[in-house]
Structure formats: structure tokens, C-alpha cells
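Across the two complexes that follow, subunit A remains constant while its partner is subunit B and subsequently subunit C.
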Partner chain A sequence: MNNEAIKELLYKMADDQLILGHRNSEWTGMGPLLEEDIAFSSMAQDKIGQSHALYQLLHQLGEQEPDTVAFMRNAGQFHNCILVELPNGEYDFSLIRHFLYDTAEALRFEMLKQSSYKPLAELAVKIRAELRYHTLHANTWVKQLGSATEESIGRLQHSLEKALPYALGMFEPSPYEADLLSDRIFEGENALREKWMMHVEKVLSQTQLTLPDWKLIEPVYGGRVGQHSNHLQPLLDEMSEVFRIDPTAEW
Partner chain B sequence: MPLTEKQILEWLDEVKDPEIPVLSLVDLGVITGISIPDSTTVSIEMTPTFVGCPALDMMKNDVIAVLKKKGVQQVNVEISFKKSWTSDKISEKGRKALKQFGLAPPPAGKVLLEDLDILEHVPCPRCNGTNTQLKNPFGPTLCRSIHYCNDCHEAFEQFKPV
Partner chain C sequence: MNSLDPRVNRLPAVGQPGQVEPRAPLDQFGTFEVFVQAKEGKPFQHEGIVHAPNLEMAFVLAKEAFTRRFTCVSLYVADTRHVYVSAMTEGNTAAWDFINTVADKPGEKISYEIYLLPKRGKQHQHAGTVKAATPEEAMSEAKKQFGSKMVYNVWVIRTSDIRFTSPEEKELWLTLPEKKFRDASDYKGGDKLKEFLERSKIQS
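Moving on to the complex of A and B:
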């Protein structure tokens, strides 16, 4: 089995979960409703925990300890898509991003349940089950606010149009697509994107939001190869501030 | 007396969920394997209820502490997802303990959580009525959701089905 291909896949998934987990945690104490404060904080905890489990798999493949990998790299060494590092903005943007990302993530782990790389297939069963709560949350609010008032629909529409090019960046092709497919590790980003589009269309068709023509949206790539927006490094500086004061401290 | 799996299970009944002190780890269903490679060593395989469960390290340390107190010289605990946890792993005894604690147990049996239905009318742990509504699929810990009983006029929590 191609270890380099597996590592590339694990890194991008783990980094996505860690960075979005951190962004979600920024809603702690700031949510528009107490319920949403709790929801985003819980999803943050889930995602950071899931990233830890994925970094643990990387560690078993010879990479450094999860804490070192999470806190000691700079932006250029992260493989998350740019979508997850964008600032939270207002609630409408965070909600739309959460919907677009978690729809993809749930499908990704559904596919990975069949992976020939057993440790990942086992973990995927567990993570997939937990993500049901995330997609349930996203779908409920997108359907409600996407059909509520002129303001809520307008805000979501605006955020949707802003987020979509970055959302397509989630599926930036990997240099190992052929290896992953032939080794039956993962069906690939293209297959995932096709499924994701269908799910997004299905949910949005139950709202008054309008999906632009996919063909007219230019994906924003770069995140998977370490080319990030200016928003990632400040996030990493904040996230790792305490760890870097004394990386050898015992907690 | 040689160590047996049955004996180890009895001892582990002393180790409780740090957040639900009436529920043992055995009844919670997170102990997924016990092996006794030699007369002085016990290896335990554990799995978390939720991947991000922050109580996992504490539970692991409690398992080691209790078995050492019982005289086991070497205790190894491995965290594994080979047999990942689902809410139907909670034993009947565990489900009763949850209810007495005031937490609605998850529905018995395998759960296919494709829509809101199974979360909508969770029986209230106080009055057993189903005139209840889901307030939030996320609660004070990763494994709990928040509900409201329209008859008792009080909120309650459920141990989430997963």
C-alpha cells in the first residue's frame, strides 16, 4: 500500500477538522443564541477530537506526535482547504460554511468506511456516525433560515455565493488520486464532489436560496499544497500560543 | 488464584463514567476487550463513546488504578476503534442507571439516525411521557442532547443515540 498517498489523504482531512474545529470554537460565548453557542462549541470539540484520532493514525505511520504536528507547523505546512480557515464572519457565513463542509465530510467518511486501509475504515465508521449530528444541525438551520425572512434569505444567499468557490476548493485533486483509487483506499475527490453537489442541491431545493450554475464557479485551490490565505497564520499563532511557550510542558 | 476475565470484569464495575457516576464503564460498553497474557499482566482494550471525549484519559487512568489496587502488577490499556462504540452497547443495567440519574437512555437496539424523528419525542425520564420536544441535538457534553417535557415543564437531557 502506498504510504505517501495515505499520509497525504490523512493530513488534509486532519488539518481540515483541526482548523474548522478551531474556527467553531471561536463561537464559544459569542453565539447568536445560547443553543447555537452550545452547538458550535460541541462541533468544535468533535472536530478537534476527530483530528486528533487522524493525527494518531499518521503517528502510527511514522509522523510526529499529534500535539507536535498540530501546534508546531507553520501555515505553509498545513493541507487544509482554504474554506475552513476563512474568518467566521457573521453567523450566516459560519452556517453556510458548516453546511457545505459537513455535507462533504459526512460523504467522505461514508466512502472511507469501504477503505482498504483498515485503521481508517474503522475510524470512518465512528466519525461518520458522529457527523450525522453535524449535518442534521446544518440542514435544519439552512432549511429554516433559507425560507424565513427577506433578511435571512438575503444573508444566506450572499454567504452562499461567497463560500462556493472555496467550497469547490475542498476537492482540489491530489497527486495520488490514481494510487488511492487503484489501491482501493479512497474513491477520489471527483467522485466525492459529484455526490456532494447532489446533496447540496437537494437541501437547497427545499429553501428559497438559489444555487448558481456550477460551471460558472471557479474553484479556489492551493490549500492542499500549503498555499493559504492570509487568515491561516494568525489562526495558528493564536491556537498554538500556549503550547509554544513550553512545548515540553506536561498537562 | 489465577486472574480470569470474569474477575476483571467484576473489578472494572468499580470504574464509573467520571461525568455519570452511577454508570460503570462496563455497563457503558466502552470496554471492548480483556486479555490476560500472563499471570501478572492484564491488557484492556477501550473505545470512546465519542472520538473527542475529553474524559477518555481519565477513564483510562481509573482502569489502571483500580486494577493495580486489586493487585494486578502490569496493566496495559489500548484505545481502539476496531469495535467502535454505539449507544446500543449500553447494558440494560446501565440504561436503568441512566434513567434513575435523570438522563433519558438512548433507544434500545441499532439506531439509524437519518432524520429528526427518533430525537423528537424522547420519553421524559421523570414522567415517562412522550409529549416532549428536542431543544438541541448538542448538550453540556458531547454525548448528551437537550429536550423539554411539555407536561413536566422542565428540561431534561438524553444520552444521545449514535
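Moving on to the complex of A and C:
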């Protein structure tokens, strides 16, 4: 089995989960209502847990310990897409990002249930419940706010248009696409993007939000090869502050 | 007056002489009642409320508000306004004593869920389902079926007013038993405090 191809896949998935998990956790204590604060924080915690599981798989393939990998790299060594590192902004942007990202994430893991790389297939089966909740949460909010008031529809529409070029960046082609496909590890970013577009269209068609023509959206690539926005390094500095002072600290 | 304290901003402004106007509309979401089933075969129990814009959002928000820590297998929600409540009693008086027996009338009957309060200060527990034409008749039917139990309050909810967990959704709680880190005891706060105090003793 092609270990380099698997590692590339695992790194981008794990980094996506870690960075978005951290971003979403920035809402803890500041959510728009208590119940939503709890739900969003809880899902952020799930994401960090899922990143840990993926870093464990990388560790089994010879990479460093999960904590070291998560806290000791600089922005240029991260493989997350740029979408997940963007600042939270207002809640409408965080919600739209949650919807666009979690839809792709759930579909990716759904496809990976069939992976010939068994540890990843097993993880995909194990976390399906968490992903089901995350997409239920995202879809329900988007349907609710996407049809509620002029303000809620307008704000979601604005955030949707802002997020879409970055969302397409989630599917930045991998140099290992052909290997992953021929080894039946993963069907590839193109296949995932096609499924994702259909799901996004299906949910948005139940709202008053309008989807721009896909062909007119220019994807923002670079994240997968370590070319990030200037928002990632400050996030990493904050996230790893304690670990860098004292790697054995417990709290 | 603008203040950083939201309570100050919520103070009503001083009015005009002769002013008469309708009460301001609700500025919060409405409430929904949340019922949780701890184990397969155990009755659903009322756990509390969530605020939400509608029934479906209430279901989504209740899941993390009430079932992110302790293991459970299912939950459901109903709009607070759809819960019919009997008189509350105490001591040796059962709630049944305050429920009128309704004569059976012909007509369409629908399904109602029945919840009983076995002890003051405890939560209502699901007892069963009855068929009735009205909430009053559902109470009366509940009295016939469960009247031998000592209870202090009875709730009835139309079955069709409840947002249940669907069979496919039952997997929502699959990884919960592994999330020990969500238990307060898992932080081992007491141990950490003790260790800290001993360390400071040595230093001083």
C-alpha cells in the first residue's frame, strides 16, 4: 500500500479537523444562545477528538506523537484547507462554514467506509454518529435561517458567497489522486466534490438562498501544500502556547 | 442609556402620560420540553427545557444540552404549549382525586402520551399511551389505567405533537460512552488541588 499517499490524505483530514475544531471552540461562552453555545462547543470537541484519532493513525505509520504533530509545526507545515483557518467573523459565517465543511467531511468519511486502508475504514464507521449529528445541526440551522427573515437570509447569503471559493479549495487536487484510486484507498477529491455539490444544492433548494453558478467560482487553493492565509499562524501560536512552554503540563 | 451591562439595557424606558399599548412581544425563543431515555426498555423521563425557534431546532439543541454527558439511547421534544398539566397535589392526596372522569363520547380518538410525577421534586416519567378525543378525556383515561399508582401530577401530550428520535437517528449516541472527558469527575479537580497545595507547602 502506498504509505505516502495515505499520509497525505490523513494529514489534510486531521489538520482540517484540528484547525476548524479550534476555530469553532473560540465561540465557547459567546454563542448566540446558551443551547447553541453548548452544541457548537460540543461539536468542536468532537472535531478535535477526530483529529486526534487521525494523528494516531499517522503515528502508527511512523509520524511523531499526536501532541507533537498538532502543536509543534508551523503554518507552512499544515495541510488544512484555507476555509477552516479563516477567522470566525459573525455567527452567520461560522454557520455557513460549518454547513459547507461538515457536508464534505461527512461525505468523505462515508466514502472511506469502503477504503482498502482498514484503520481509516474502521474510524469512518465508528464516528458516523458524530458526523450525523453535525450535519443534522448544520442543515437544520441553514434551513431555518435561510428561510426566516430578510436579515437572516441576507446575512447567510452574504456569508455563503464569501465562503464558496474557499469551500471549493477543500477539494484541491492531491498529487496522489491516481494512487489512492488504484489502491482503492479513496475515490478522490473530484468524486467527493461532485457529491458535495449535489448535497449543498439539495439543502439550499429548501431555503431562499441562491447558489451562484459553480463555474463562476474560482477555488482558493494552496492550503494542502502549506500555502496559507496570514490567519493560520496566530491561531497556531495561541493553540500551542502552553505546550511550547511546558510539553508535560496537565490542566 | 447605553451600558456594558445587558441588564441595564433591558430596563424599560420611562413612559409618556396617558400611554396605553399592547405588552411587548416575546424577545426570547419559546420553550420546548425535553424527555430522555437512559436505557432501552426504561421509561422516558422529563429532563428540562430548551429554547428554540421551532420543534426541529429544539430536537437538535436538546441533544447536546441534555445528552452530551450521561449515556442514553433516545430523546424527544414537545412544545411547552402542547403539554397539558393536571392539578398538583401533596401529602396523601393523589393527583387522580382532582381529575374529572369524562364520559365516553363517540367520535374520533387520537393518541396521547401520559407522564406521571411519582414524588414531589422528582421528574415526570412516561407511563403509557391512551386514546382520547380531548386532553381532558386523556387525563380521565389515564386515571382509569394508572389510577392505582400514587402520583402528584399528570401530564398529557398529543403523540403527534412530539418530535421523536427516528430509528436511523438512534445511532446519534454511539460514541458517547467513550467521552469520559466530559464527566466532571474525569478532570480530577480534587487531586490536582491537593497536589498544588502540597507543592505550595514545600515551597513556603
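Quick note on the criterion: the second predicted complex is superposed on the first by the 247 of 251 C-alpha atoms of A that agree within 3 Å, B and C clash if a C-alpha of one lies under 4 Å from a C-alpha of the other, contacts with A are read in each partner's own complex, and residues count from 1 in each chain.
One rule holds for everything that comes next: contacts are C-beta pairs under 8 Å (C-beta built on N, C-alpha and C of every residue); 3 or more make two chains touch, one makes a residue touch a chain.
The structure displayed is predicted, hence computed values, not measured ones.
Participant: Quick check on the superposition: with subunit A as the shared anchor, is it clash or fit for subunit B versus subunit C?
Facilitator: Aligned on subunit A, subunit B and subunit C clash with each other.
Participant: Quick one: is A:K202 in contact with subunit B, with subunit C, with both, or with neither? Answer first, second, both or neither.
Facilitator: In the superposed model, A:K202 contacts neither subunit B nor subunit C.
Participant: After superposition on the shared chain, which partner residues are touched by A:R184: those of subunit B (first), subunit C (second), both, or neither?
Facilitator: neither
Participant: Kindly classify A:A148 by the partners it touches after superposition: subunit B alone (first), subunit C alone (second), both, or neither?
Facilitator: The second partner, subunit C, only.
Participant: Tell me the contact category for A:H137 with respect to subunit B and subunit C: first, second, both or neither.
Facilitator: Touch partners of A:H137: subunit B and subunit C.
Participant: If we overlay the two complexes on their shared chain A, which of subunit B and subunit C does A:I38 touch? Say first, second, both or neither.
Facilitator: Both partners, subunit B and subunit C.
Participant: Please indicate which partner A:R244 is in contact with in the superposed arrangement: first for subunit B, second for subunit C, both, or neither.
Facilitator: neither
Participant: In the overlaid three-chain picture, which partner chain does A:I127 touch, first (subunit B) or second (subunit C), both, or neither?
Facilitator: both
Participant: For the superposed three-chain model, which listed region of subunit C (42-50, 96-104 or 132-140) is the one that clashes with subunit B?
Facilitator: 42-50
Participant: Could you give the residue numbers on subunit A that contact subunit B in one complex and subunit C in the other?
Facilitator: The answer is residues 35, 38-39, 42-43, 45, 49, 126-127, 129-130, 132-133, 136-137, 140 of subunit A.
Participant: In the complex, go through subunit B and note every residue touching subunit A.
Facilitator: 50-54, 81-82, 84-86, 113-116, 135-140, 142, 146, 160, 162
Participant: Looking at the complex, which residues from subunit C come into contact with subunit A?
Facilitator: Going through subunit C, the ones touching subunit A are 29, 50-54, 56-57, 60-65, 68, 169, 171-175, 179, 182, 192.
Participant: Spell out the residues on subunit A that touch subunit B in their complex, using ranges where they run on.
Facilitator: Of all residues in subunit A, those touching subunit B are 35, 38-39, 41-43, 45-50, 52-53, 119, 122-123, 125-127, 129-130, 132-133, 136-137, 140.
Participant: Which residues of subunit A touch subunit C once you look at their complex with the stated criterion?
Facilitator: Contacts found on subunit A: 33-36, 38-39, 42-43, 45, 49, 126-130, 132-133, 136-137, 140-141, 144, 148, 250-251.
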